[in-house]
């Protein structure tokens, strides 16, 4: 007998897509009420995702059969499109819901201008719907379309303040995104030409290491690396993330970048798994070390609070690349990588939200002149510090557990006799130190003596949401086992 | 016959690649845009040779009707902004003869420095070479044609591409409509629209042409929409044709854009997505799956969705041509 | 002799000729995208790359004996619509950027991270529609 | 008969490629635009000939759409460049067109 609720999963998955789309369409058609629709929608979507994940965990204890596939319109693959839910997608859906809800609440205070509210909410709700659809998609071409939904709405959100810095950041971001999408699409076309199917599960069953697969892997990975701002294809990230409005930066650094990385992981765990070789892993790992060093140095150099946070995203994503060679030695490491991504997304979003509040209070975010406001707003300093501690990986935070597990995997590589493993261990440990340096740089002014000036009044949402999200990020360590067990429910992955 | 076809293919491909190359090597932006319009025309011929009349129809409607006009108007907008900045705005700095301001003087992009030439060429050659190698190694796969063919009788329409677009892969098509809408929301978020730069065109030719052409374009659009269920055509091609007619109307009266009230306009641009979603949710509730139809209802529902999608696409394309949001949308 | 002719005929079949042309267009667009700085030219380069992808897809679909693959053609149609939407949005962004900064080029090199950023949550900020009136104070070289 | 149609289509395609010289060399914007308009007309004819040669009636629709919409770009052009004016009026286009054709505009 199947556990209760399992038969509702397919309808729940399609319903989640339908619900998030309905919220977005409604806000588009009725912009006057967009913020109310957005708030109710955010609550409804979050509740739906939490119930869905509870049903999933209750229903699928067997890792081999845990994936639920839904044929849209009743057409099974290869003719139709399939939605695909497994442990990996559940984890990222929950992450998206938590960060999305926090961003929505924060935006209630942040975007208060009547006209800007009308522009912001529909775009943000489309972005959220696009992310939900991305994590649920099981079809190569549909992934391209959902990626476009995500990137177009993200670019529009970067640009919508209409300032010179934001618009030039957005133009760069848009060109990079189109290039990345076209590269991805070319890979999809190559795979379709060889195998005649688009469904990821069917493709996985048919791929072997031929010239088509190699070229498709290169094109799709490069395109997604461009979108995920993985080193060395990261140049667009800081101008786009650093000059966007705070809630948008939070979503971009926390979720949109993560979405592209999720897709890289999904492809290399499935379709491209036969292509992974140790040499490839070492190359990716070296890129990761480069990202860690370069991003951290830029973060130590930058003069604006939000620029520091934006560059720290480049640095932190270096860990994900360093993890690639570790995955080749111990395939199970990928779950640690996803857990790290989740913690990073939560912490990064809360840092950006806190930075937005400080910028609002002070009227700027130049670090040199931010001391007065920082001294007068201990709550924000606490939020910055709490999230920063998670980014550094100090004990008892989610970041600590993620980095500890990564280090353990790295040491395992060394013990297995790999010399280069020492480099990975050094990179993981050293990256934490560099993170400590730039996090301290952000909060240091509050410990110096000087005038305290709270600046502009801040709405309740903007005051409390960053702290709430930072607390969630720090407490995520408690959910470590749950997350890793959920991720184990991903059929096909090691 | 076959030899001639091969010769035709070769000449056409050489023309396409040559036009694309000259377009990207132009220093004069206007020339690049005219070459791009020609590129679209030659592409339509290539789609015909690849037995894809639907795509050729779309390329014709887009390339000739939408993109060309959009690019020309963009160039003119850039030029008039530059002219305005040069002619003494009090706060704007004087044009720097070496700085980026000089680059845009009269829409002119100087050829790039030679430093990037070899790396860029090597990179492009490697990517192109690897692509060609991979493509030449591919088998003669049949693709999904037999699967689609086997399901045509339950799809509700007689044209396989329409069946794929609005039944078998309706989710993709729904998201495609959403993307057109998001692009417009993005353009609207940048600010209100301003006047389209235009000069007087005295004489009876322009109004006469419009009086004749706009009704014909509307009839053609409706015909292409109707044809979609059994022959090449469909919602997007029809929407693009109607959109082109709308762009003609905008160009005819650039200084008196119709002041659409915000509410109906918003409803108009989101009607296609909204109706599609409603039908999809009904399918979920009725047990056919999200975006599924009962077999007997497939044809009328597909036609209903296509009509709404055509209107929304046409309206959205015209709004994207005008670019900023209308004043009515802020009310 | 006949064998050679057959090989040539096989090579020149539309199913192989057009994908090759598509690959060339993709590479050509990539080259133009790297080399040219004016944003309108970069957008044209991306469009040419996109046309290359569609040509490969349709060429692949036309391989073999029977009628061409309708799924590939439907995907191409969807892709074209996406490309047109992205192009229109990109052009609107370029016009807006020119209005704000006075240029439409994206010069290579790192952008200026420390340029001031306007905060839309502050009271004094209002979206009063006309972006042109904000332009003068925010002029900065790229 | 279809061989004849195909040969005619090939010939017309050749005339398009030949006409590209006018687009490349200009010298005026009007010259370039007019050449592109002419390609539109030629393209319609090629489509009709191909429709006969390949026995594909749907191509007539494509030709119809091309014939109908070719005017959009022309109207956009006329609207922005005005009708031909004496070259010394201030509204005349400020292209460096006269230098353009002499310039080595090839980067290879």
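A, B, C and D label the chains in the order they appear, each numbered from 1.
In this text, a contact is a pair of C-beta atoms (placed from the backbone, for glycine too) under 8 Å apart; a residue touches a chain by one contact, two chains touch by 3 or more.
Remember, predicted model here, so these are calculated numbers, not experimental data.
Asker: Hey, which chain ends up farthest from chain A, C-alpha centres compared?
Answerer: With centres defined by C-alpha atoms, farthest from chain A sits D.
Asker: Skim through the chains and flag the pair connected by the most C-beta pairs in contact.
Answerer: B-C
Asker: Centroid from C-alpha atoms only, then distance chain B to chain D, rounded to Å. What do you get?
Answerer: 19
Asker: How many Å are there between the centre of chain C and the centre of chain D, using C-alpha atoms for each centre?
Answerer: 23
Asker: Can you give the whole-Å distance between the Cα centres of chain B and chain C?
Answerer: 12
Asker: Could you work out how far the Cα centre of chain A sits from that of chain B, in whole Å?
Answerer: One centre to the other, that is 31 Å.
Asker: For chain A, write out the residues touching at least two other chains, lowest number first.
Answerer: 115, 119, 141, 145, 148, 152, 155-156, 159, 162, 167, 186, 190, 192-193, 196
Asker: When you check chain B against every other chain, which residues touch at least two of them?
Answerer: 25-26, 49, 51, 66, 112, 117, 131, 135, 138, 141-144, 148, 168-169, 172, 176, 179, 182-183, 186, 190-191, 330
Asker: What positions in chain C touch 2 or more of the other chains?
Answerer: Counting only residues that touch two or more other chains, chain C contributes 19, 26, 35, 56, 60, 63, 69, 71-72, 75, 78, 82, 85-86, 89, 93-94, 96, 127, 129, 131, 139, 142.
Asker: Run through the chains and report each pair that touches.
Answerer: A-B, A-C, B-C, B-D
Asker: In the complex formed with chain C, which residues of chain A make contact?
Answerer: For this pair, the touching residues of chain A are 109-113, 115-116, 119, 141, 144-145, 148, 152, 155-156, 159, 161-172, 174-175, 178-179, 182, 185-186, 189-190, 192-193, 196, 198, 235, 238-239, 242-243, 245-246, 302-304, 306-307, 310, 356, 359-360, 363-366, 456, 462.
Asker: Which of the residues in chain C end up touching chain B in this complex?
Answerer: Interface residues on chain C, with respect to chain B: 9, 12, 14-21, 23-32, 34-38, 40-41, 44-45, 47-48, 51, 54-56, 58-64, 66-78, 80-82, 84-89, 91-96, 98-99, 102-105, 107-108, 127, 129-132, 136-137, 139, 141-142.
Asker: For chain B, which residues count as touching chain C in their complex?
Answerer: 2, 6, 9-10, 13, 16-17, 20-21, 23-26, 29, 32-33, 36, 39, 43, 46-47, 49-52, 54-55, 58-59, 62, 66-67, 70-71, 74-75, 77-78, 81-82, 85, 89-93, 99-101, 103-104, 109, 112, 116-117, 119-121, 123-125, 127-128, 131-132, 135-136, 138, 140-145, 148, 160-161, 163-165, 168-169, 172-173, 176, 179-180, 182-184, 186-187, 190-192, 194, 234, 236, 317, 320-321, 323-324, 327, 330
Asker: How about chain B: which of its residues touch chain D in the complex?
Answerer: 1, 4-5, 7-8, 11-12, 14-15, 18-19, 22, 25-28, 30-31, 34-35, 37-38, 41-42, 44-45, 48-49, 51, 53, 56-57, 60-61, 64-66, 68-69, 72-73, 76, 79, 83, 106-108, 111-112, 117, 196-203, 206, 209-210, 213, 216-217, 220, 224, 227, 231-233, 237, 241, 244, 247-248, 251-252, 254
Asker: Give the list of chain B residues in touch with chain A in this complex.
Answerer: 130-131, 133-135, 137-139, 141-144, 147-148, 151, 167-172, 175-176, 178-179, 181-183, 185-186, 188-191, 262, 266-267, 269-270, 273-274, 277, 280-281, 283-284, 288-293, 329-330
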